[in-house]
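Reviewing the structure listed below.
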Amino acid sequence: MKDFCDLADFSIEEVERLIIQANKLEQRSSMQMLQGKVLALLFLNPSLRTLTSFQASMIRLGGGTFVISPEMSIHGLETRSGVVMDGAAAEHIREAVPVIASYADAIGIRAIAPRNSLEDDLQDEYSKELRSLCDIPVLNLESSIRHPCQSLSDWKTLEDLSIPKQGGKFVFTWVYHPEALPLAIPGDTIHMAASRGMDVTVLRPDGFSLPKEIIDRAELAASLTGGSITQTNDRNNALEGAHIVYAGSWSSTTFYGDYPKDQKARGEYSDWCVDETWFKGITSDPCYFMHALPVRRGVEVEDHILDGARSVVVRQAQNRMFTQMSVLLDMLG
Amino acid sequence: MKDFCDLADFSIEEVERLIIQANKLEQRSSMQMLQGKVLALLFLNPSLRTLTSFQASMIRLGGGTFVISPEMSIHGLETRSGVVMDGAAAEHIREAVPVIASYADAIGIRAIAPRNSLEDDLQDEYSKELRSLCDIPVLNLESSIRHPCQSLSDWKTLEDLSIPKQGGKFVFTWVYHPEALPLAIPGDTIHMAASRGMDVTVLRPDGFSLPKEIIDRAELAASLTGGSITQTNDRNNALEGAHIVYAGSWSSTTFYGDYPKDQKARGEYSDWCVDETWFKGITSDPCYFMHALPVRRGVEVEDHILDGARSVVVRQAQNRMFTQMSVLLDMLG
Amino acid sequence: MKDFCDLADFSIEEVERLIIQANKLEQRSSMQMLQGKVLALLFLNPSLRTLTSFQASMIRLGGGTFVISPEMSIHGLETRSGVVMDGAAAEHIREAVPVIASYADAIGIRAIAPRNSLEDDLQDEYSKELRSLCDIPVLNLESSIRHPCQSLSDWKTLEDLSIPKQGGKFVFTWVYHPEALPLAIPGDTIHMAASRGMDVTVLRPDGFSLPKEIIDRAELAASLTGGSITQTNDRNNALEGAHIVYAGSWSSTTFYGDYPKDQKARGEYSDWCVDETWFKGITSDPCYFMHALPVRRGVEVEDHILDGARSVVVRQAQNRMFTQMSVLLDMLG
């Protein structure tokens, strides 16, 4: 494996093999297959799960990690091209990234969407530029528009729960959040569910439709697997027969990058908070609740759901470690 | 071993076996008994010795650690139960802790006393709640009222120095410090010395008596080992015949949680700073000086003591590593 | 090897042996020679390359590191001697350093020049004091006046590029930088090039001559190897026949420690930014560009040089890892 930057770069057979390998790794207590190997972790945005799960993954495999963040350089890292560096930043990403990569066997990079321009974010230019600075395998730890580590982990979670592929109903619902969040999770998650052959419904208020580029990509995946993609604002129809309710929030796509207008638009839907009433009348049993975390309790979802039997959010997070170990083994083993 | 959260959970024989094992580990140069094992370290308060000694311990045993602190999550970790998370914090400890635990083989947690209510701190509720979120072994890295890693290390230091058990005189003295510090170190230290069978004197100004709950617990330990517990404000009597003078500071127990009144009360005793005059007339020779660190030079104790022959503070700190390795080996080996 | 604090402590034969060992380590993919060994890294100033290259080095050799910085202690680490610690800092370096050292097999320390007094910085007192607190091998990660890890790495880079020793021309040029930087890099770099037998020219504006102590030390090295040291402000003469142009910036030595005057003095030379015109008429081919990083693009050097064929700055940085592994192997193997 060269890079792991987009789950769509892999065939369904390859994804399934990675998950089977993750299942085997989950059963083993000691592994030293990556003895002395070094994974660099560059976080241009904060992280808790991704950081710690990769650190744990490499220790378990006998290697190790080092972490870089802009705060480590004097006054931060400059990222703009062609700039005269007479301001605060004392170091440019064009030296920092190749140098860091030269110490490591692979590098993971997190650079989430700047959320100023929808077009730019959909192009994922920033992530591609960072990737071009590295001559070692790159792991995408969340870019403007992809989060393959989360998607692979969620795929394994669906397998763990024996959720049907064909005929399985996967609802991704927008929920209220005080901030305008990126599109990487909803976009990559529905693509993952479609790639698995599921019937995917995106439930969201008006003004929050996922962009055509994201839907087209998911529909292409669905067309190859017998799945389907639907968008709706009708909660009852959406949830009817659902096996999975996956909650997440994202920026208004109508007012993308316009924070005051986005704030106003989302404020009208502050009652989009998942609680047990959402599951009334769902005939599938059990219907699980998923979320990529972090989650705001009482805002995105009520405590009784998160702490109840439907919730598999900790399992999702734990599967990050097993699936990442599987990817690392392919990449560096 | 399941958890290591209170030294009182272990019999004296068990403690002594842990120390003998620590002595053996101290002699060995290479050990890989915990190859590929992962220790999570959750610090809700800053740390230097505890953090680095656990990191070194796990490297020496062939495994590794990862560290989590509230700063790592976006805008910190929410800790209150049942709260609607529409403020700054984007993540709740109720997800963060189980997720972190799911990546690790054991977890160490530091959550020192909030110091608002004496009753609450004595109950150690916060630490128990955090512990209840983990289904892997938990190490207490200092809770409101316990610091078993420090106590086990100090016990080993007393053995290293061949301080008598029966008939050994152990003085824990309050010293001035500009801040109102927690009760975990004094409370756990006198319990440790009493468990070792020593005659313990708590030397402190009026208004700074250790609470009844702490004294009762130490007296119970003393009653089983032939030791004793005394509190006094009389320095000459207290130090007569002492083998150990252990210095530390704590909040006024009369004005616990009332910072302005505490500040005023402690300010009257700013001359409680250990110097060589304290040791005049002590017949036991040598009489060692102990402190759990960090220590404020010239405020809690004078430089000539810390840099002189009585001081074993670096030895105490180093024994943290050896005794923690011993605990980790029992827990994860 | 006891300490690695000054390249001048080693004979040229010893340096060359370390580089040959580094070359061998560069070729190997897995090494576990320092299994379970612990390197402490104390950074009193920020770091990116030094930190990550040492972390990677220890992982590759089978051991590990832990990192300490003043921010980790409550309100920072006190460094002054004899002070009454009634201010913010809760911990003194006189306890912190020996304790940290007691957990490790070796300790690396970064304490760059305070830049208040030229005389004090040239004496390197602060670094010597820190070193005196440790009873384990010490690695100098940049002191007031030495940076042996960078020098050893640069020496290897010159070997990698087959730059001639006798008759090789090495130009160290001052370049503009908005801040008054320390003398460690220029001073140690010209000493390294002289020790290698090269003809060294220091190119700098008036008011920025390197101090007599630094020149004398480099001249002594040159006298033993057949090299030479020249200082000039004449760019054309300096660059004629150069094999290497090594750029760096440093404080005005005329106004050392006087920041406003230094600022004014350096401001007059803001056009000292390396571009391709500097290399016109240089007959040696190729003439490489070196820099210890971090570098300010468009200020110290233009993008077309850094991104062009002359630049070996990433190679220099990567060699940090291989040469440090070589030193660690001698020190701890």
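Order of writing sets the labels: A, B and C. Residues in every chain begin at 1.
Convention: a contact is a pair of C-beta atoms (placed from the backbone, for glycine too) under 8 Å apart; a residue touches a chain by one contact, two chains touch by 3 or more.
The model shown is predicted, which means the values in this text are computed figures rather than measured ones.
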When the Cα trace of chain B is superposed on that of chain C, what is the rotation angle, expressed as a multiple of 5 degrees?
-> 120
Interface composition of copies chain A and chain B: same or different, split at half | different
Just how far, in Å, is the C-alpha centre of chain B from the one of chain A?
-> 41
Listing for chain B: what residues touch at least two other chains?
-> 64
In the complex with chain C, residue positions of chain A that touch it | 35-38, 40, 63-66, 68, 72-74, 78, 82-86, 90-92, 94-96, 98-100, 102-104
Could you please specify the touching residues of chain A with respect to chain B in the complex?
-> 29-32, 46-49, 51-53, 55-56, 58-62, 64, 178, 293-299, 303, 306-307, 313-314, 317-318, 321
